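Two complexes, one shared chain (subunit A), two partners (subunit B, subunit C).
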Partner chain A sequence: MMAFYLSRLVEIFPFFLKGLWMTTKIAFISLIICTLIGFVLGVIRASNNVWLKRIVGVYVAFARGTPFVVQIFIVFFVFPEWGIQLEAFPAALLAMAIMGSAFVCEIVAGGINSIPKGQWEASASSGLTKIQQLRLVIIPQSMKVIIPPLVGQYVLLIKDTSVVSVIGVTELTRVGWITVVRIPEGLMVFALVGVLYFSISYPLILLSNYLERRMTV
Partner chain B sequence: MLTDFNFRVILEYMPLFLEGLKHTVFIAIIALVLALITGIIACACRISRFKILRYPVITYIEIIRSTPLLVQIYFFYFGLPTLGVSVPEIQTGIIALMLNSGAYIAEIIRAGIKSVDQGQIEAGLSSGLNYVQRMRFIILPQAFGVTIPPLLGQAIVLVKDTALLSLISVAELTRSGQTLTSERFMPTEAFLTVAFFYMCIYFGLKTLADWSQKKLIFREAY
Partner chain C sequence: MIEFKGVNKWFGKLHVLAEINLFIPKGEVLVICGPSGSGKSTLIRCINKLEPIQEGEIIVNEMSVHKPSTNLTKLRGEVGFVFQQFHLYPNMTVLQNIMLAPIHVKKIAKADAEKIAREKLERVGLSEKAAAYPIQLSGGQQQRVAIARNLAMSPEIMLFDEPTSALDPEMIGEVLDVMVGLASEGITMCVVTHEMGFAKKVAHRVLFMDEGKIIETGKPGAFFDNPKTDRAADFISKILTH
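== the complex of A and B ==
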């Protein structure tokens, strides 16, 4: 029986590759969005503007304090009630962007805050504007602190894309879920799903370990 | 936007939410205790001199860290019955959470042990302490302070992870939101209430984590 299921599984393997492609697509697009929004929010969070800081703080607390499943349900079921109706795929991207950017924001803010105040003062007295200070002096130095945890966060975000299967995006986990109904070998099917996730996240884990060793002084 | 927010439905379903909250807290506590035990054992093997202990544990940690928790939950949920083991969903979920958090906790403890200065170990060696004594009197007391804040961070993650058990129909907090949605079709009320309860747990644990960060980090710094 096992051999029979195994041959069935080989037969529908292209379906798994499709799921893997979808997972990669979601992960890639949302990582870019998260990084962009996260950097902007992080700069705000490390700034001196009390009100903006508080608003970002509330946003970050919501995104970090509630489970990602609940956030997806809110985006997919609650947003339509407020007039924002989204298909499953864009809803998944939006939920990923909301959650991921909050985590990136905290990492970026931590990095910027780790730079001594003297650097700000020195660059200000060299006549640089606020934006120039950030772009030319502060951000380049804080990159050393930001990048290792950022890559680690990327791994977590890639794994979190599995949760978007609950709203019916046909990515890797969803493919496994559909398959297990037809091929009732749960261990085999989800071991295969696991191996495919491993193939994308393990290289990043190795990269993050490497960066951690390289960049910590 | 929230003008027709229906508090009466929330009040009506409050017993369901509280029941869900109770389950969430219960599952999180049991899973955390089991994960701590798993993590301590795994870490002890991870830093052991013996390859036969070290390599299986490294494999375990790397597998857990590079696959999503949801896939691990499904692996046990759909996989255990094919092995002829049938346990209730809640236990399947706790097993998955235990193994998942256990791997992360093992890494947290290892980082804590590694953070102890090499000179301390040499000082212990030259005082004639053996391996167990060095661990007990020098390394572990200092590692303890560094380990507590990230462990509380892991507890926060664990509480949020229990939400995934709603997908294998464990009646916890997120599931009660789904129930309300499917019975009355009021997703706004349902999921904002659920989010509110999670935020309460989050802030409680976060305050504890920040406090311990301030209190305990100093202990290893003197």
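== the complex of A and C ==
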């Protein structure tokens, strides 16, 4: 029986690859969006603008303090009531962007705040504008602090894509669910799912470890 | 030219600058001294708008420093600031530290900026350190690079906040020598320092502050040898016995 299931699994393996591709696509696109939005939010959060800071603070608290699955439900089922009707795929991306950018925001703000005030003052005194101070002096120095946890966050993002299966995006986890109905060998099916996730997150884990080691010396 | 007109500043309840009126003509070398917490750093930090003020006006080369419409980039291009803790950019080489502002503020071409940077580096006697990183330099060398970094912008005014206080005694001289050189060239200088030797040698005027107020000003010789106020006398005796 086992052998039979195994050969069935091999037969439908392309279906798994499709799921893996979808997972990779969601992870990769949302990772880029999260990084861009997260950097902007992080800069605001580390700025002196009291009001903007507070607004971003509330956003971050919400995004970090509620389960991701609830956020997806809100985007997919509640947003349409406010006139924002999205297909499952873009809804998944939006939810990932909201959640991930909040984490990136905190990492970036932490990195910026780790730079001594003197660096701001020296660059300001020399005539650089606020944006130039950030871009040329502060951000390059804070990258050392930002990059290792950022890459770690990417690994979490990859894993969190599994949650978007609840709104019917056929990514890797959902492929597992669908398969297990036809091939009732849960262990075998989800072991394969796990291995495939691992195949994309492990290189990032290695990168994260490497950067951690390199940046702390 | 720097002018303070009825300047008042508070940190919360602390009246850190109290009704400051001061005129510093072009080319003057002014030494500012006074006890810790008297507001010396705050006074010079207001000149290039590192600090806001609540009342009064500061005018630098016809520009009203704290007016929102003032071109801050232009103002700061004309005013250099040397910090007690140097604040070099640790991720850049000495040369890159010096070239940054000329390239991005003055929009000077990279090759020209490098030429200027090397010139200024030679001026502070550190040509051979162009490719070094700040962490590889001694405190005195770092401070000289910080001065070169300011000079690369050709400022008309230089502000120094205790430039030698963070240095080991044997390095104080090399930094003061550079500053003496600048003083002889007609740059307007405001120097917060307790280096009496420097003050006597190059300062045109000494300003003594206490509790946010200007207590006394005078020629360095007269000030240090015959202070007019008890507070100044008391302060001078303390730095002498120190």
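Some observations on this one:
Just so we're on the same page, the second predicted complex is superposed on the first by the 216 of 217 C-alpha atoms of A that agree within 3 Å, B and C clash if a C-alpha of one lies under 4 Å from a C-alpha of the other, contacts with A are read in each partner's own complex, and residues count from 1 in each chain.
One rule holds in what follows: a residue touches a chain if its C-beta (ideal position, glycine included) is under 8 Å from a C-beta of that chain, and two chains touch if they have at least 3 such contacts.
Because the structure is a prediction, the values reported are computed rather than measured.
If you put the two complexes together on subunit A, you find that subunit B and subunit C both fit without a clash. When the two complexes are overlaid on their common chain A, residue A:Glu121 makes contact with subunit C while staying clear of subunit B.
In the superposition on chain A, no contact is made by A:Trp51 with either subunit B or subunit C.
When the two complexes are overlaid, the chain among subunit B and subunit C that reaches more residues of subunit A is B. Angle at subunit A (Cα centre) between the Cα centres of subunit B and subunit C in the superposed arrangement: 100°, in steps of 10. Using the contact criterion defined above for the overlaid structures, shared-chain residue A:Gly186 touches subunit B, although it does not reach subunit C. Contacts of A:Lys159 after superposition on the shared chain: subunit B is touched, whereas subunit C is not.
After overlaying the two complexes on the shared chain, residue contacts for A:Thr173 are found with subunit B alone; subunit C is out of touch.
By the document's definition of touching, of the two partners only subunit C reaches A:Gln132; subunit B does not. Nearest C-alpha atoms belonging to subunit B and subunit C sit 24 Å apart in the superposition, given in whole angstrom.
Under the contact criterion defined above, no residue of subunit A touches both subunit B in one complex and subunit C in the other. Remark: subunit B residues 1, 62-63, 65-72, 74-75, 77-83, 160-164, 166-167, 174, 177-178, 181, 187-188, 191-192, 194-195, 198-199, 202-203, 206 touch subunit A in the complex. Of all residues in subunit C, those touching subunit A in their complex are 48, 50, 72-74, 76-77, 79-81, 83, 85, 87-91, 100-101, 104-106, 146, 149-150, 153. The touching residues of subunit A, when paired with subunit C in their complex, are 116, 118-119, 121-129, 132, 136-137, 140-141. Of all the residues in subunit A, the ones that touch subunit B in their complex are 61-62, 64-71, 73-74, 77-78, 81-82, 155, 159-163, 165-166, 173, 176-177, 180, 184-187, 189-191, 193-194, 197-198, 201-202, 205.
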